[in-house]
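Next come two complexes built around chain A: one with chain B, the other with chain C.
This part shows the complex of A and B:
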């Protein structure tokens, strides 16, 4: 186990290097002048452009720039944006909000998704099963922003149950509807995954043995069936935490939440790449590390899986 | 789950569902024959097929559905609600929402289908090569795939599109559609590579492949005549669903202002144009959104029907 963890960590290094290089390359090297249009209605004076290029190291070769980037990341120096505001301060304000939103979304996915999946899996072919199958089909087909605008319009504009937009504090109660929107597609996946897993395990020998021993239904389902069926579901939920955070770009845009996604989106439309690169790097790291943790957790949850 | 009789249902083994048409011994059976026999008895297949034909007709012959010009704007009618004259009302510029929604089908389907084809091409070639030649090529391709998978989808698309075609620029119709198609495929190929790779690895060790090799068949013949036809099923299922998700992705990118943009007519753009008018003109936003969702639903349902029919585990 320990050796496996170390090997996986080592394998992560080339992927992290490659991904961050990809981001750096795409942002800084693709055509388009990052300083064009930063001076209002007139073209930027050469002195400004050359000073900015020197400050952000754009006059150096790509590999040297990438080396600087790695050094800064390792020392925790995220630099300043084009307006000379430290990036780390902006991150500090936005990060907690996005974490709150993502955790809330995972909680909603887990509770509703697993609940619906278990209920429909236990009674395959029943009314509830068909209901869950059809509603997950619809949820899977609704793009996140359609669900978002629909709920915003219905609950916020028409019924006045919620505020259409979230305030700066972004309290948990305000974030419930956005988190539901963010979770919607994964919730459907979770329900389906749970259902498949339950249906498969219902046929297994240990369930038959448990029933033959005369255990109560509650015990067979709760202790024997559920524990084993939830392993793949938990790993799915874990791997999705990372992508939820980048998926939050759209949800945060709709509900005007000042989190990481909104920050990244504003930086991209404003072409402030000094924010784009560190934020994107951070999101990628969260994504990769959560994937790794889930892989390791898999062995703990399911001892049948042996690591070489 | 507390009533004791429920256990009876619980334990009723989920034996293979009786499928009419299977088990008739008089016909030569192939995977595709079986698949068709299962498919034509599934309601979900026919429903999705009818919807697919409707959307394809919309894309090919929009004039069958509307005689209005989607570009024609009457500012005086801006944001007028649905009426007998204009079923879906008018948008911000006073253009007919119904006409624009119908014409939007073409863009979405072209982008979805072409991006999927490109993904299958990129991922399929990489997957087949990785699986067939294994060794170092497999390691290299798998690592490269992981790097692309390491970038979350929306994030990657935003970064590439934000630099190649920033929101401020206004490229022409064909260029921007090509760019969006390439971006979707470039970010999506690793998943298809994994699917193709595992399917080919499974097929590679079958006896018939060994037999072909023993008979002196070259790699080209083995791959195209023996391995590919037998590993097509998972690729087909995944690509059907992918068309749907790419259509959704295209709309998402257009919504963010970095995907397609005017003068292209697309559901995503129509939604993006009216997000700020949700209080006064929700119709201009929700009619295109409904068509978009229905179109995605069509491909998701079709993919599910095909998967259920092709997956031997469910038989």
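This part shows the complex of A and C:
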């Protein structure tokens, strides 16, 4: 398993190189001059445009710029963005918040989603099962911004239970409601996925054998049934971490959380590649590493899966 | 760790449980009146956004940075919050006999926040620095009127795209600026400029202290200033804090101790905070709250309504044979737009239809310069269209109105297109459609390269409250924001006559005559003027909003008890 992990980690290198090259290339191909929109309805003075282009190397060929980018990335010097603010400071401020929010959302998804899925799967056709089915259907049909604005209005503006927006510190307790909003749709997915998997495995041979051996119900469900049923759910949750980090733009906007999603959005609309490229690169790394972790966890959950 | 007995979680109750759990973390909502939480430390919170550039007034050209810079820098002139009239601020007098040579005297005893006095040299140095092209300041062109500007600011012979570089300027000092003594300086212009005094309130004309020139880069994020407020700290993408400047010499002093310029990505989030009194001021009420005047019932007497000096127009690419049309065609389009219905339905009367090319709140505004050409009249519009076709212009089958898709323009552009199509009827031979470009940068780039195929939205936010600001930069041949490449010799001459008039009233009369000339060709169609919708929390009082749509930082005060 150790060798497998190392091999997978080494595979990261060409993938990161390839994706960063593609991201750089695509940012370059975007139509429009990033400095054309910075002076509003007036055109920017030529001297300003020339100086900015020179500072950010926009007057050099793409490959040279990519070389610069790699060098800077390796030395950890990300320079400044178009607003002349150090990129590393901005990343340093936004990443911890985003990671907190995403992990909290995944935790909520896992606890509520798996819990509800297991309960409804075990009592198939019962009251609880119907309740879960209906409430997940309800959650699935609500877009994130509806859930977000609704909870903000209800808990924040009307009931004063929470502040409508999150403070700059973005403590865990403040992030609970946004994380719940962020997790809402996927929580419903997780519950349904778990339920299907449980229902399917309940009828499988090894569960029948375990029951026949006279094992307690707790052991049958907790050890035999749950471990096998969680494999597809885990795959889903693993890929979720990355998309929860990059895809939190709407939730971050509603609750004014200063995380990665909003930063990326602002940078893309302003064509500020100094932010877009490092953030996208880091997101690629998050995707790759969380996928690796999921693959390794398969082996723990299902002994039949072995890694050489 | 102990596993509790009732570990089952039902999804139905999870929501409530989460809400209660979050309660412990919040800093406590309002418990129903009582003490004013703002009174304890005198701090108010207002909506802000991340400035594109730092605290160097000559390098700012956007509202996020402009607003907070206006809090910390005083200029020679400031604009009256109620009337928009220019008034002396740091200047004791601004004298001229011919509008060409201006003698400016500063009030004595003005101080920078580092204790050094504000001198005439600070103004001259700052203006020279901004104008000097190797410093690459965004506001450099503002000094184009001053004698010797062409010696300090050289143009790139083939533009920024070409391989050639701009030659190094001969000198870094404009010959038209002369320090007479500590508190007096003289400005000589290339030609008379009637509105020069009014222009002096624009942020680019702010002075800079000696400390700036030692370290311009560091200064931008930690400035020494001369305004009613001084810089405290800037947490990027989250907040800027400014505090009342104890040494501020102005007659009206700040009424709060600190202002926190809190950055919001989303107007709805700011509004939610405002309604629940976590935010004390926002000048951007989101469309969702404007709908059906919901914001007025939400805010009651905390709602502020007004006007601001911004207008919306639609411009034609006159350089393009296909989409430029002819004057009659443009008149047909203008008369086919039902401005009143659109402003009523789409903007909930938050914008006001205009029949002139100038914002109603500025000096020199005259109603009706566009007259019936800017009034909805489908029958007349059809007549003009027939005339346009008779003169040999065939509009293309699909005529786009372009806009940038990254802000809220889709609704009104589509409504305008529909209005035109309905008014001109199905036999018009063409249909108008709204088309978006993804970003403002791409949109402006296409326009300034003169490659746009169709009408396009143009908005103009005044730099200073004067009719001149709505004409010279937009319709003079070769002007910086003349996006449609409109050119009219008679208009140019009239504008020149107005610019060089020595009598201000005479100048305004000439500008008005020039504006009236626009009705012949209609190079741009006036649509509406922006209203102002702002709101405050229940903790503050006396709040006023400037004609620029910004908070007047001296007006805001914390309510007693």
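In the analysis below, the second predicted complex is superposed on the first by the 277 of 308 C-alpha atoms of A that agree within 3 Å, B and C clash if a C-alpha of one lies under 4 Å from a C-alpha of the other, contacts with A are read in each partner's own complex, and residues count from 1 in each chain.
The rule is short, and it goes like this: contacts are C-beta pairs under 8 Å (C-beta built on N, C-alpha and C of every residue); 3 or more make two chains touch, one makes a residue touch a chain.
Predicted model, so just to flag it, every value in this text is computed and none were measured.
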Worksheet entry | Side-by-side fit of chain B and chain C on chain A, or clash | clash
Fill in: Greater chain A contact set [chain C / chain B]
C
Fill in: Touched partner set for A:271, first chain B, second chain C, both or neither
both
Practice prompt. Examine A:298 and indicate which partner it touches, taking first as chain B and second as chain C; both and neither are also allowed.
Written response: neither
Discussion item. So in the superposed three-chain picture, is A:39 touching just chain B, just chain C, both, or none of them (first/second/both/neither)?
Written reply: second
Practice prompt. Check whether A:140 is in contact with chain B, with chain C, with both or with neither, and answer first, second, both or neither.
Written response: first
Discussion item. Between chain B and chain C, whom does A:253 touch in the aligned arrangement: first, second, both, or neither?
Written reply: both
Discussion item. One more residue to check, A:203. First (chain B), second (chain C), both or neither?
Written reply: first
Item to complete: In the overlay, answer first, second, both or neither for which of chain B and chain C A:168 touches.
Response: second
Practice prompt. For A:157, select first, second, both or neither according to whether it touches chain B, chain C, the two together, or no partner.
Written response: both
Item to complete: Tell me which partner A:236 touches in the superposition: chain B (first), chain C (second), both or neither.
Response: neither
Practice prompt. Could you point to the stretch of chain C, among 219-227, 435-443, 453-461 or 471-479, that collides with chain B in the superposition?
Written response: 435-443
Item to complete: Please write out, lowest number first, the residues of chain A touched by both chain B and chain C across the two complexes.
Response: 30-32, 37, 149, 152-153, 157, 164, 253-254, 265, 269, 271
Worksheet, complete the sentence: Listed in rising order, chain A residues that touch chain C in their complex are 30-53, 82-85, 89-90, 93-94, 111-112, 115-116, 119, 128, 131-132, 135-136, 149, 151-153, 155-157, 159-165, 167-168, 171-174, 176-177, 180, 191, 252-256, 258, 262-263, 265-266, 269-271
Worksheet item: For chain C, which residues count as touching chain A in their complex?
Response: 8-12, 14-15, 18-27, 29-30, 50-54, 61-62, 133-138, 140-141, 153, 155-156, 159-160, 165-166, 217, 220, 235-239, 263-266, 268-270, 272-273, 275-276, 278, 406, 439-446, 448, 458-461, 473, 480-481
Response to the item:
Note: in the complex, chain B contacts chain A through residues 1-4, 6-7, 9-11, 13-14, 143-144, 146-148, 150-155, 158-160, 162-164, 166-168, 244, 248, 251-252, 255-258, 271, 275, 278-279, 282, 285-286, 289, 292-294, 296-297, 300-301, 304
Response to the item:
So, in the complex, the side of chain A touching chain B is made of residues 14-16, 18-19, 22-23, 26-27, 30-32, 37, 122-124, 137-138, 140-146, 149-150, 152-153, 157, 164, 199, 202-203, 207-208, 211, 217-218, 220-221, 242-243, 245-247, 249-250, 253-254, 264-265, 268-269, 271, 276, 280, 283-284, 287-288
